[in-house]
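Across the two complexes that follow, subunit A remains constant while its partner is subunit B and subsequently subunit C.
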Partner chain A sequence: MKIFLLLVLFSGIGFLLIDNLRFLSNSGFSLGAATHYYVTQGFEQTGALNLVSSILYDFRAFDSLGESTVIFAAVSGIVSLLSRKTLPVSSHGLSIIVKRIFGILTPFLFVSGIYLILHGHLSPGGGFQGGVILGTISIVFCIVYGSSFDYTRYSPQSKTILEVSGALLFLAMGIIGIFLEGFFLANWFSSPERLGKLLTPGSIFGINLGVGIKIGAGLSIIFYSIIQKRIEGK
Partner chain B sequence: MTLIEYFLLVFLFGAALSALFSRENLTSIISLSIFSTISAVLYLLYRAPDVALAQIVIGAGLYTAIFISAISQIRTDRQKNRPEDPLQ
Partner chain C sequence: MNQLFFLSLFLLGFIGMLLNRNLIKLIIGFEIMEASVLLWFISFTNQGGNPPIYLLDKPGMVLNDPLPQALALTAIVIAASNIALFLTLVIELSRYHKASDVDKIKGLRD
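This part shows the complex of A and B:
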């Protein structure tokens, strides 16, 4: 009976989802005042071709600072709860075929992550997505090459330094905005002839870089804290 | 709304139900990963490539790794403690 009620509920939700999507794809959106300003003025005001990135890291940069503070608090809490200062559980990894093929694939994954971070203001993507790709590389290292591969080469202390430096880069962009433009996290780009180039928009580029480093190191720290061997009691 | 979106929505629904109602934890995690992949394709069809990138990297890559490591920790603890438990 309970399963029948759940099935009715879920099929109703699924029908609403399909109907809502059909409704959305037939009728046009009507833009509000703030949305209209962002869509029409976003490129000239911020210099970022990617409108999502210009909203995330320029118009709503303070919200992004709050989000990265939340992630920083989560990483700190997980490390302080789970860190035992012992080597992780040792495993030998997968077969030699998987190891060789992932060895070939790793540079391309790394380049795609770096591309997403650096081109965050030009193409879809941004610091968060690229940083998660960089963090996923070290997680797949643990799965493919055994759990002590990444841990012995890149210590958690260096990852912590990377994460803190990413967060400080974000804050430094905000403080540079105070000195150059007059308010916190202001975009200090002032060269309209270089619109659309890689190194143009001042604070968006730096914030993307900082968020990417911070997210990648933070997710890697979380994963390697979880898989560490716990010593019960003694 | 094209035909492929209907197919993807049906498979999305099936993957969500499988993640909810399967008894094995590993099956639930893999179903959740399939759910994330299908929803990333849907986001791409609805022209949100940012969200699609985030969904496929986080949902299919990161969640799976973190859930599997957490569940493997629980399992090793249980298997380790079982022969030492005097009540059994």
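This part shows the complex of A and C:
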């Protein structure tokens, strides 16, 4: 009975929403003024051929800064919720075949993550996507080589230093923008002959690098915090 | 009709959030709702053009709208950190109450 009432309610809501959506699609879709500006002049003004990257790290760079702050807050919350626990040896890894195969494959995983970060302003990709690939490497280490492999080699303190240095690189790009252009997070790209090269002047390259390092280290910290276990009596 | 698909996906996630009592399934319903909104957002602004990457040797290409893709990227990253925080809270609750069912967790009703 409860389910029936809910279905009636939701079919009513759905009908009203469809009505609104039909009105929306009949009005015809065209590029807005802001989007027209981004598509026609974004690459010349920011030096990034990837227009999504130019929006994320130049036109809306404050948005990305807030987004990094959200991730930093999430990592801090998770670590503080799951604190005072030590890592148990919860798994000893998979068989020798899987270990050898991932010994060969993991460097290529690393290279693909670094490629996505460094070419974020030229091709599909960027700091967030490449950082997530870098973060999966430590998850692969945990699953394939056992849970103590990554933990004993790369301590959580070094990952914290990496994450903070990524955030500081982002902020440093903003402060360099103050000195060169006059306002925070300004892009100092001014040479159109360098368009399409890997090393372009401007803040997008540095911001991509900082965000990639930050996301990779943050995901690794989150994963190793979640698989920790409380030791009773302490 | 394209938008009907995303709308039904959204309502599916919402009904799943309302009717399930398991906390993990609640989180799955939340994710389905968010994914449906992002899918609708991207597909609504797709004009049949190329991906928004400007190619220097082919000027004048018709490009898709890059703005909703940037917004969707932001939303995906924030949703990922949200889900991690949700799962952490579920882990703590299930360790304390030995259950991940809302009805079996005492203290929420009082």
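In the analysis below, the second predicted complex is superposed on the first by the 197 of 234 C-alpha atoms of A that agree within 3 Å, B and C clash if a C-alpha of one lies under 4 Å from a C-alpha of the other, contacts with A are read in each partner's own complex, and residues count from 1 in each chain.
Please note the rule applied: contacts are C-beta pairs under 8 Å (C-beta built on N, C-alpha and C of every residue); 3 or more make two chains touch, one makes a residue touch a chain.
Everything numeric here is computed off the predicted structure, so don't read it as measured data.
Visitor: Considering only touches as defined above, state whether A:F43 meets subunit B (first), subunit C (second), both or neither.
Guide: Only subunit C is touched by A:F43; subunit B is not.
Visitor: Where does A:V144 make contact in the superposed view: on subunit B (first), on subunit C (second), on both, or on neither?
Guide: neither
Visitor: Please work out whether A:I226 is in contact with subunit B alone, subunit C alone, both, or neither, and reply first, second, both or neither.
Guide: It touches subunit B and subunit C both.
Visitor: Counting only touches as set out at the top, which of subunit B and subunit C does A:G125 meet: first, second, both, neither?
Guide: first
Visitor: In the superposed arrangement, does subunit B or subunit C reach more residues of subunit A?
Guide: The partner with more contacted residues on subunit A is C.
Visitor: Which of the two partners, first being subunit B and second being subunit C, lies in contact with A:V52: first, second, both, or neither?
Guide: Both partners, subunit B and subunit C.
Visitor: Should A:G14 be classified as contacting the first partner (subunit B), the second (subunit C), both, or neither?
Guide: both
Visitor: Just subunit B (first), just subunit C (second), both, or neither: which does A:L81 touch?
Guide: After superposing on A, A:L81 lies in contact with subunit C but is clear of subunit B.
Visitor: Quick check for you: in the superposed arrangement, does A:S64 touch first (subunit B), second (subunit C), both or neither?
Guide: second
Visitor: If we overlay the two complexes on their shared chain A, which of subunit B and subunit C does A:I133 touch? Say first, second, both or neither.
Guide: In the superposition, A:I133 contacts subunit B only.
Visitor: Let me check the overlay on chain A: which residues of subunit A are in contact with subunit B and also with subunit C?
Guide: 10, 14, 17-18, 21, 25, 50, 52, 124, 126, 128, 222, 226, 230
Visitor: Show which residues of subunit A lie in contact with subunit B when the two form their complex.
Guide: Interface residues on subunit A, with respect to subunit B: 10, 14, 17-18, 21-22, 25, 50, 52, 89, 116, 124-126, 128-129, 132-133, 135-136, 139-140, 143, 219, 222-223, 226-227, 230.
Visitor: How about subunit B: which of its residues touch subunit A in the complex?
Guide: Going through subunit B, the ones touching subunit A are 1, 5-6, 9, 13, 16-17, 46, 49-50, 53-54, 57-58, 61-62, 65-66, 69-70, 73, 76-77.
Visitor: Tell me, which parts of subunit A touch subunit C in their complex?
Guide: Its residues touching subunit C are 3, 6-7, 10, 13-14, 17-18, 21, 25, 29, 31-32, 34-35, 38-39, 42-43, 49-52, 54-56, 60, 63-64, 67, 70-71, 73-75, 77-78, 81-82, 123-124, 126, 128, 195-196, 215, 222, 225-226, 230.
Visitor: Using the touch definition up top, name the residues of subunit C that touch subunit A in the complex.
Guide: For this pair, the touching residues of subunit C are 3-4, 7-8, 11, 14-15, 18-19, 44-45, 47, 51-56, 63, 65-67, 69-70, 73-74, 77-78, 81-82, 84-85, 87-89, 91-92, 95.
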